[in-house]
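In what follows, chain A forms one complex with chain B and a second complex with chain C.
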Partner chain A sequence: MDFDVDQPAAVLSKSLSLIEKTDLRLHQLDRWQFPTSSSELGRELFLSALASVREPAHLGPMDPVVLYNRLFSLQELAGIIERSSTDRISWPLVRYCDEIWSNFFGENGPKIFYALTPEYNYSILHFSKRLADILRDILPDSAIQALVSNRELYCLQLASSEDENLPLYANIGHEFGHAVFDHHEKAIVSELDAKVGQVLVRVLSDLQAIDATQASRRFRRICQAVLGIGEELFCDLLGALLMGPAFFLSLFEFSWGQARDVWTIRLSPEFQNIRAYPSFGFRLHCISQWAKIEGFRSEASSEAAKSITQKVAELAVGVGTIPVNHNSDVLRVWPASDNDAEPIRDVLNPRLNELKIALGEYLHECDGFVRKWYSTKPFSDVSVYDVAELLLRLERNIPPNIVPDNTLLGKPAEFTAILNASALFRLDLLTGEGSGDGGERLRQTGIVERLTAKAFEATFIQREFNRWAGQ
Partner chain B sequence: MIPNAVASTGPYAGLWSHLKSINHALERALAAGSSKELAELDIDRLRALSEFLDGGLSSAPGASGLSTSLVEYSNLTEPDYNAAIDLRSRLAYVPEFDNWLKSSKKGFDTKLQRLIASISNFLSPSGDLLARETPHQEFEILRAIVQSLLSEAETALH
Partner chain C sequence: MGVLNRAEIKERMKESDYSKKLLVTPLLTENQIDAASVNIRLGSSIIIPKKTYVDQQDVTDRRTIHQVEHRLYDRTKLKHKSKFVLHPNHLILGVTFEYLSLPYDVFCTIMSRSSWGRLGLVVATAAAVQPGYKGCLTLELVNLSESPIALYPGLPVGQLVFHEVPSKGAEAVYRGRYNCSTEAELPKFFAGGTDEELAFWGGKS
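So, the complex of A and B:
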């Protein structure tokens, strides 16, 4: 043993052991525990990647230390597949999600599987792309292409710490927006470019005035940040169109305890990992338009809606108090240790209002695009009357799955109507009388969660039955 | 706690493994002596180095390649580290490059272009049965550049 010579072989040996261990872990997963068959696609893709890495022809030119490092990133993907289990993922929910997904992408488009995340937030991961990115330093491009070609796969990660907060499911519409954005990236980015292009030209000029030697580089980082902001706002638009006021309420809940007037840019050494987000104030302002909050409020205050339940009008008044002001917005750039953070902040802050106007125009165009691309798909407005009927049931601890239609059975409630009724009712509980009594609140919100989950399941089964029975 | 940079999956891990794999390909090319011995992965990693250096040139002030169109920056298939690294000022701290730069009157851009050309010539088909010889001087300088950047990325991993 001579470690001057043997060290790479020892690292390779450790790496190969780790590959075997990961391979074994994934083989041991019970496929019947997967929420949908797409999880199996994720497992197969991952195992194929491991097999490709293990090929002697690929191992030869690989740096064992790079392989060892990349295996730790691969472990994170393996962990996602392991967390794809029916134990805590509701079956009706994923069926609804699959239905929305197939409306967007059809049978031959990218696939999606579902997993839990220990994070508070919901997120979507372009699984096959992430896998390809991790493999780039250890496999030749041709091998990576052979692996992921025609196997495009996403993973929707559901927040396990919020898995008893069903109204936050409204965020799923936003997450699906990322995949739609990827699918139509060229058209959407062209539109973004058309609207914000002039602002960017002025930003470049400002950067050159600060330091001409660094302007080009910093400008490219700003472009990536603007792309990120454009994508987030597009996803909000889709979330609002799909889920209506429930998405507005859900984003509002996410903003609790945080500054609502701060736009953030998080710089990263990797261009594609620069992250940027508009302020909650601006996002809520935009979503309130697309989710038609004003129309919902005014209809909920009508006599017809109040005749079903007064509750709907009371809740609509509450929704009207949600702040959508964004006049005091500022932009922050992180980390401060990055030498580009301060100049980027300094050139963008004075141009924030121009940028917001351009982004508003961009969203109007995106709304047109989305309706054109998915003209036959349902972006129907949430019916206030259906929501009122479901609130009436929730008030009496009855699952909100049926809307009366002058027949004995009534009609199965829409997924979005249930979601909206539940979101409104839950927020009312959290802010209503006795909200300081934790035990009582836990009991009451627990009842709402269970009634909502039951309603999702019952209405889904009833719809499936109606389809089967040819109604 | 004993930090283990190699096991890191943090924000600098991608940059580190990118540079480390390029460094490995350079070492293999130097050891092989000719392009004949290169594997597909080596060729891909050397191309990635060429793109990285090329990006450093396009970030120069007044560079003609700078686009103000967002479309140019979207949907990049390769990871891009150029925007975060000020290559021009970093290379001033790489003695091998700096000495080489000072050895002739040619400027920074010309010298960097020569390094980029050395990679593309080495990787281009030779047109005859003989493989191309490794350009040792240029590749040694390239290796010094990559190792300097790698050393910083490794520190950031901790």
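So, the complex of A and C:
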């Protein structure tokens, strides 16, 4: 028997078998487990893609080997849908996320669903775009368009269960920033170009002076890196506007144990895979402005706030000790084995200060843009007094769900007020001298995280109930 | 040891000092406060015992009692407006939607509401809550009727009755293993208290 006679046919049958298995896997998911109804959109889109791949008119011209490879890429997306389960995702948290999302995109815009990721940090995936990219070599463009048009879908991948990731909640604003960036990319990139363009012209001149024959490629790689930095800073701006000081604290916690003064560019042979990040110092400096840290500190130190709890003033002092200095920043370029790494580093480092000033101006313009695009609905300032009332409850191991008013029931606290009170309280527990040893800190932060998750649930239900009852 | 009436409950709830305050949060409506009790709702966290191949639950065996938990129980969270069907003679662990904080001089008992009791639903078998307790309360929900009962988070299935007790200071205040719970909790044997003697009684010390 000749085992080598018809490999393409054999690979095709393996592919068809994999399609069947994947289809069955997705069909077997219990919709009862989905944290929001948008997960069903993810499943429907994915199953439509499999159905389209299976169509005889599409299967005929396909290269079986390419199909087989693409089906393995599709497993990644199938896995994401499988990890969209309320067993490990807090539905009150994601319902709040849905409210923020709909403030940006309305009822008819792109949708978002939620899944878990084994990674430490949150991330957002343009699910429908990724699906389209995977299908690119196996389906005709018209079929892909028919599949994804009017079905734009994102997936926010949450790091783990809700009561273990309080410091990450505030990052949701940053992640949503990526989707906002996608939708206004032209205007934002044009503004970035307007502010940073002159610096880049001087960078090009420097590159030509080093080696004119290599300057063009190196310049394009730098432009891609600056674009990445511009996107990250834009997302930080959104995170700060949406979440206030909590996002500042969250990023500060992320910076622990890492160099705060290093800008990073990771080169890649493909331009679109070049990654670049500003230093934590510069990011914290920018966020402190947009999250209005100084105003928050000053109001928290007022007698009115202190009369609720002295703790709010103590914590405000603590916030003031967070370093936002970025004067000693340097830029590093990886991998060192890439021949462009050293020249790129050498031309950008002397111009880092110019670049920072230009990026600051760009962010200022972006702030104006987003307020114009979205009015002020998603960006209400955090009330220091509400935060103080919630801190008072946290100090006594009570969920931070109610701000007292003149009724017995009280007023359900705002999502951002809960987030900020909890972030402040938690950071104080982690860094405070009176917090005991590691085990005691772990126990106490565990309590804060549970109380916070409870507060999200309680306020969400209370607001729904009040709406129903007409209160 | 007197039972607090509606006016006394409200007065203690209005107390601004959290150490003296009787707190049941969130209260969705003042009507939850009855003549001498506060109605409480079913929360979203539940634990469902499974039919399993574990030979027995032996609480005197410190080594295995917690190791077999995943074989004995499923945990889940019910979404807003989602249904859970409790079948006849089934026990599940639920939780109150409300978080409770008792002052040092108030003891509390939890019991079924009469309408639900007539349906055959028992909400709590371990009914005593000690002064100073903070947390949501785990409910032992059993359907004693002949037909399945549909449950939804938010349904007012139980009630709390508060008793004023003379306090002699911190000694009387609850500092137990279930403090600050927000979800349904499994039994925490060997997590402190007098459980060390369990092993003795089982001949495993």
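One rule holds in what follows: the second predicted complex is superposed on the first by the 456 of 471 C-alpha atoms of A that agree within 3 Å, B and C clash if a C-alpha of one lies under 4 Å from a C-alpha of the other, contacts with A are read in each partner's own complex, and residues count from 1 in each chain.
Everything that follows uses one rule, which is that a contact is a pair of C-beta atoms (placed from the backbone, for glycine too) under 8 Å apart; a residue touches a chain by one contact, two chains touch by 3 or more.
Fair warning: this is a prediction, and the values are worked out from it, not measured in the lab.
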Overlay on chain A: chain C relative to chain B, clash or fit: fit
First, second, both or neither for A:E270, with chain B first and chain C second: first
Touched partner set for A:P399, first chain B, second chain C, both or neither: second
Partner chain(s) touched by A:Q462 [first = chain B, second = chain C, both, neither]: second
Most chain A residues touched (candidates chain B, chain C): B
Touched partner set for A:P412, first chain B, second chain C, both or neither: second
Chain B versus chain C as contact partner of A:H184, first or second or both or neither: neither
Touched partner set for A:R345, first chain B, second chain C, both or neither: neither
Included angle at chain A between vectors to chain C and chain B, based on C-alpha centres and rounded to the nearest 10 degrees: 140
First, second, both or neither for A:Y68, with chain B first and chain C second: first
Closest Cα approach, chain C to chain B, once both complexes are overlaid on chain A (Å): 34
Chain A-touching residues of chain C, taken from the complex the two chains share: 10, 13-14, 18-19, 23, 25-30, 44, 75-77, 79-80, 82, 97, 99, 101, 134, 136, 153-154, 179-183
In the complex, chain A residues that touch chain C: 32, 35, 86-87, 90-91, 95, 392-393, 396-399, 401-402, 408-410, 412, 447, 450-451, 453-454, 457-462, 464-466, 469
Chain B to chain A touching residues, read off their complex: 6-9, 11-18, 20-21, 23-25, 28, 39-45, 58-63, 66, 68-71, 73-76, 78-86, 88, 153, 156
Chain A residues touching chain B - in the complex, by the definition given at the top: 57-58, 60-63, 65-66, 68-70, 72-73, 76, 133, 136-143, 185-186, 189-190, 192-193, 196-197, 200-201, 204, 208, 212-221, 223-224, 226-227, 230, 267-273, 338, 340
